[in-house]
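One chain, chain A, appears in both complexes that follow, with chain B as partner in the first and chain C in the second.
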Partner chain A sequence: MQLTTTQTIASALAMASCSLIGQQACAVETQSTQDDWKVDAAIMYYGEQERVQAAEVIGNVQKAFGDSSLLDMKIVVDSLTGASASGAVAQAQSQTFTRPSGKGEYTVKAGDTPLDDTFHDTRVQLSANWQEVLNQDWTTNIGVYGSKEFDYLSMGLNAGLERSFNKNNTTLALSAAFTNDVVDPVGGRPVAMSQMVFRDNYATDAEYQAAFDQTRLSGDDTKQTSDIMFGVTQILNRNWLMQANYGLSSVSGYMTDPYKILSEVDINGQTQAYRYENRPDSRLKHSVFVMTKGALDSAVVDFSYRYSTDDWDIQSHTLETHYRYNFSASLYGQLHLRYYQQQAAEFYRPFLLSDEVVPEYASADYRIGDMTAYTVGLKFGQRLSNGHEMSYRLEYYQQNPDNNGTQLPGQLQNFDLFPSVKAIVAQVSYSF
Partner chain B sequence: MTTVWNRPFAKTVVAFAIASSLVGCSSLGVQPWEKDQFARADMALNSEKLDLALDDHIYFSKEGTSGGRSLAGGGCGCN
Partner chain C sequence: MPTHKRTTTKPPAMSLQPRPWGFVGCFTAMASPCELLMQVDNKHIARQMLTLAYDEAQRIEQKFSRFIEGNIVWHMNHAQGKGLLIDPETVQLLQFAQQCYALSDKAFDISAGSLMVLWRFDGHHQMPHQSDIDAALRHMGFNRISLTNNILTMPAGMSVDFGGIGKEYAVDRTAQLLAQRWPQHSVLVNFGGDIACPITHKDGWQVGIENPHKLDNAAALLTIRQGALATSGNTRRYIDVAGKRYGHIINPQTGYPVEQAPLSVTVLAPNCVMAGMLATMSMLQGAQAETFLQQQGVDFTVFRG
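Coming up: the complex of A and B.
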């Protein structure tokens, strides 16, 4: 699929504007009588060049009950379509792959990065959070979360406690969450590191189906995520504050991507087979996040840094800044810059070698390989005469995967095995 | 594995040392009547929470690490 970025963004923005203009009419009537309600809504388009396209609608409603209680509810609906990298490497000949469902095949041209174009999904996510100010020092919150897509269900609980002191210049926060996910992939979960089978290699459909079933496990699988985070927010002076968080996340269960594969190549770089990937079933992650935010005369600026590491050996550094300039009381512009750098997981391999023992864990998913990425974004917001706010955001996001030091045999040296992924994010938001 | 565990641990200790020193330093902070700048809507830490939520979802789906600003959470992260 050839992405026509300009047209797609234009149509997404037009759609978003139309839907929000419709909402505005309703909102004007309700606002005057219910000032303790706050509504934020946004529609976002995410489009990668020749790959994934996504549209996401998000709505957030806050209702205050007096000065001490706050209910926050959020709904997110997103729809994904398009192609994503399967993990296989480009070849001098065209390549044919069995679809994840086992029903049908798709072919990739010679020299092209294999993309699986099967993907299409819609996700609905609901969450609610209750915040209670217990007294001038203590605040607590509790929340629930759920999301459902065709092959995935995620349910979670979260809770937090905040303590303010030092004349409310310092806030300590402790929060925790538990999420249980159920994954039921299309076509079933692949047997770890098993070889992809092809219809052409079998005389009958029944023989092929029997062979395909040998590469699949029956039933669904689960994943549990436990998070805990400790944070400090400190007012430094009249204009600046800082925040520091430490997060610990423990994940256990099914973390393999059932739709990703690896090419198994010989010493000439010629593919001999494709194997379904396998990832460890536990992961312990640490993150440290530090941010400072300052109020300037007509502007607000923040800078943040995040360090993340885990026992898969993935380490990342993220630098991010937002600079907002208020042109007037009702108009602002904002610049967003982000830089991300990631070190590959220890089991990441761009391909397997046919003369080596098949490893227990391996993935060619570039998202857990060496990578740098950057984002450049612009946003404009305006306060309307009725006090509502409308904003427009346009961002460019580019990922540059890198070789993690793997020697490329034979023909693999002729291809770009680590192609960049370029994406546009366009968003329209409305608040009242 | 040793280096992987030691480095984050060291950085975590440094981060906590900085945070603790900030908390312990009574000269930091302002009087209640000097907080006018922090009352500005654009100075709130969650002033752009929808943008941040959408960004988190993109980066969670496209990169190997997540969370930090808020809890990492579960979910699919497919594609």
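Coming up: the complex of A and C.
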């Protein structure tokens, strides 16, 4: 043995001994070496078929200070490009739309679901969380969050308290968060339910600009979100634990999507106009989550169910499971299945009718319509000989929007107004 | 949980005694006194813990001792060059041994079985013959073992010995089984001085380190809250020939005991296998044992003659 190369022997032995005596032992050991930094880096790709593409870089750093304090810092940078559904319905003729900025137009072919291709942005998210174990029974944490994209700024604070009982077999957790968002859309916020104007209908640029400005509000707007969550974790026996959470979320402020519109159609389904959507400025949401997680011989499995309801009348059910199998001490595979079902918001309308009174609130955003969605995913993780871990995740995600019972007049029956959105998620992570 | 049959031929020679802080259990396995310190107030649980530890120690001894006929090690050493299908646990131990062989630059070699039997530390003041040592050296070398798809092929005449890892492995396995089943109770597992304590003890367990000059008297007291400790040393096993003491750490490259090796090395590490391997590797460094351990950034105690 050469003494110059010996520094790495202890760390190599630590890894080798961990894979020999199993992962449980490693999990225990990390407690004793918590003074070390832990760094995770990942790149993720999200791609919807013919729609949004996103690339994301994630960096996460954990630093423990002794046995009782843990600092967790995370940075996420993502870049979005591609098109997303504007809310307008397909037509037998091509359709032309004014861009959200008011500058320029884009045209959608006959029969196609209108997608707004101006959608691209870069977002930076930063968060930091401090966890402090006060004593055997009490743990607290406090954190800050900020994210910035071109037209959006979000800043948040959160804090939590955990209490262990019954020799750590029972944990009660209470946490709260507050977020303030500032929305400053490109081209300004549209006037609620106002009609889209077109350059071609005006003689001069100035006249057009004046008409466009009539559809816009000046300045930015804000949104405040307050969340409170209460949770219980109970160890059932040596292999199983169960968790139940109740969450209450109250949002007030600007929740309208400034880039979403609705088509206004006549009795033949022919579009007469486009209107900018409008959503209520308050939302109260309740959610209940139950999960059970178990350790099998060489596998870990969990099942969870979430029910969520709010005063927009959106109700959702989520069923989810992960099954992780350890092929060896250094290689695991994980299967992920998720099923989601959602009932539309009461103001969701796939389109407006031109002979109706314009409603106060309406949105044709399929994401708040009737919908089912499912995810099928696979992940593989591998511990390398240097102790680092590499993992690969590939998931297929499909959203199937449904008609919420709206009669389709005339030509609208010829088109798929509720097309599925199919997406692939791919992620590579490296931990050291 | 591994499934295994209790040996029925030997009744469990276990003893369980109450202490102010819990229970202490004792038995003998792997030719060593084994001890379990349990921070438990329920005698029934303490009895279950002790039985589990006893069973696991017996299982590992039966499976990996080179002195037991018909076990996996015996089959490996008698395969005469033929391929042998081996179980996942043995594969993992072999892979670990392989990593240690590489990390120690061939100084730690479990295939040195035929060399080790020449150096009997049984009180006979006799050196092995050079011709026997040369013959043994020809039958060694972990790099000549092939392991693919759970098939092990070893050259005829080679013999492996898990003695350098087995006891530490048994300590870690037992400690891990106890920690999984009773995560709320701190237990100190001590098999012949190799120690692991995976669940943190609030005040720490007091552990004595033997002084090789005064056996059975603790020379230093250590407090362990969580982690492991292992000792490598020739304190009880050596031969004196013509006034020169030969320790039980044999250098597989020369075939002779390592010169200027410490009398004993005790290392603290997150688990017992790692502590034991660092202790053994430092012994193989001879005069530079302390330097080696300092570079590893671990806590240790070295005794020299």
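The definition used in the following text is that the second predicted complex is superposed on the first by the 397 of 432 C-alpha atoms of A that agree within 3 Å, B and C clash if a C-alpha of one lies under 4 Å from a C-alpha of the other, contacts with A are read in each partner's own complex, and residues count from 1 in each chain.
By our rule, a residue touches a chain if its C-beta (ideal position, glycine included) is under 8 Å from a C-beta of that chain, and two chains touch if they have at least 3 such contacts.
Just so it is clear, the structure is predicted and the values come from calculations on it, not from any experiment.
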item	value
First, second, both or neither for A:167, with chain B first and chain C second	both
First, second, both or neither for A:316, with chain B first and chain C second	first
Partner chain(s) touched by A:238 [first = chain B, second = chain C, both, neither]	both
Partner chain in contact with A:290 - chain B first, chain C second, else both or neither	first
Touched partner set for A:152, first chain B, second chain C, both or neither	first
Of chain C and chain B, partner touching more chain A residues	B
Touched partner set for A:56, first chain B, second chain C, both or neither	first
Interface residues of chain A shared between complexes with chain B and chain C	167-169, 238
Touching residues (chain side chain A, partner chain C) in the complex	1-3, 6-7, 9-10, 12-14, 16-22, 24-25, 28-29, 31-33, 167-169, 238, 297, 328-329, 385
Chain A-touching residues of chain B, taken from the complex the two chains share	1, 4-5, 7-8, 11-12, 15-16, 18-19, 22-23, 26, 28-32, 34-38, 40, 42-43, 45, 48-51, 53-54, 57-59, 62-76, 78-79
Partner chain A, residues of chain C touching it in the complex	1, 88, 92-93, 95-96, 99-100, 103-105, 107, 169, 172-173, 175-176, 179-181, 183-184, 198-200, 226-227, 269-271, 273-274, 277-278, 281, 284-285, 288, 291-292, 295-298
Chain B-facing residues of chain A, complex	40-42, 44, 46, 52, 56, 58, 60, 74, 76, 78, 80, 84, 119, 121, 123, 145, 147, 149, 152, 154, 156, 158, 166-170, 172, 175-177, 179-181, 183, 223-225, 227, 229, 232-239, 241-247, 249, 251, 257, 259, 285-291, 293, 295, 300, 304, 306-311, 313-316, 318, 322, 324, 326, 332, 340, 342, 345, 367-368, 371, 373, 379, 393, 397, 399, 421, 425, 427, 429
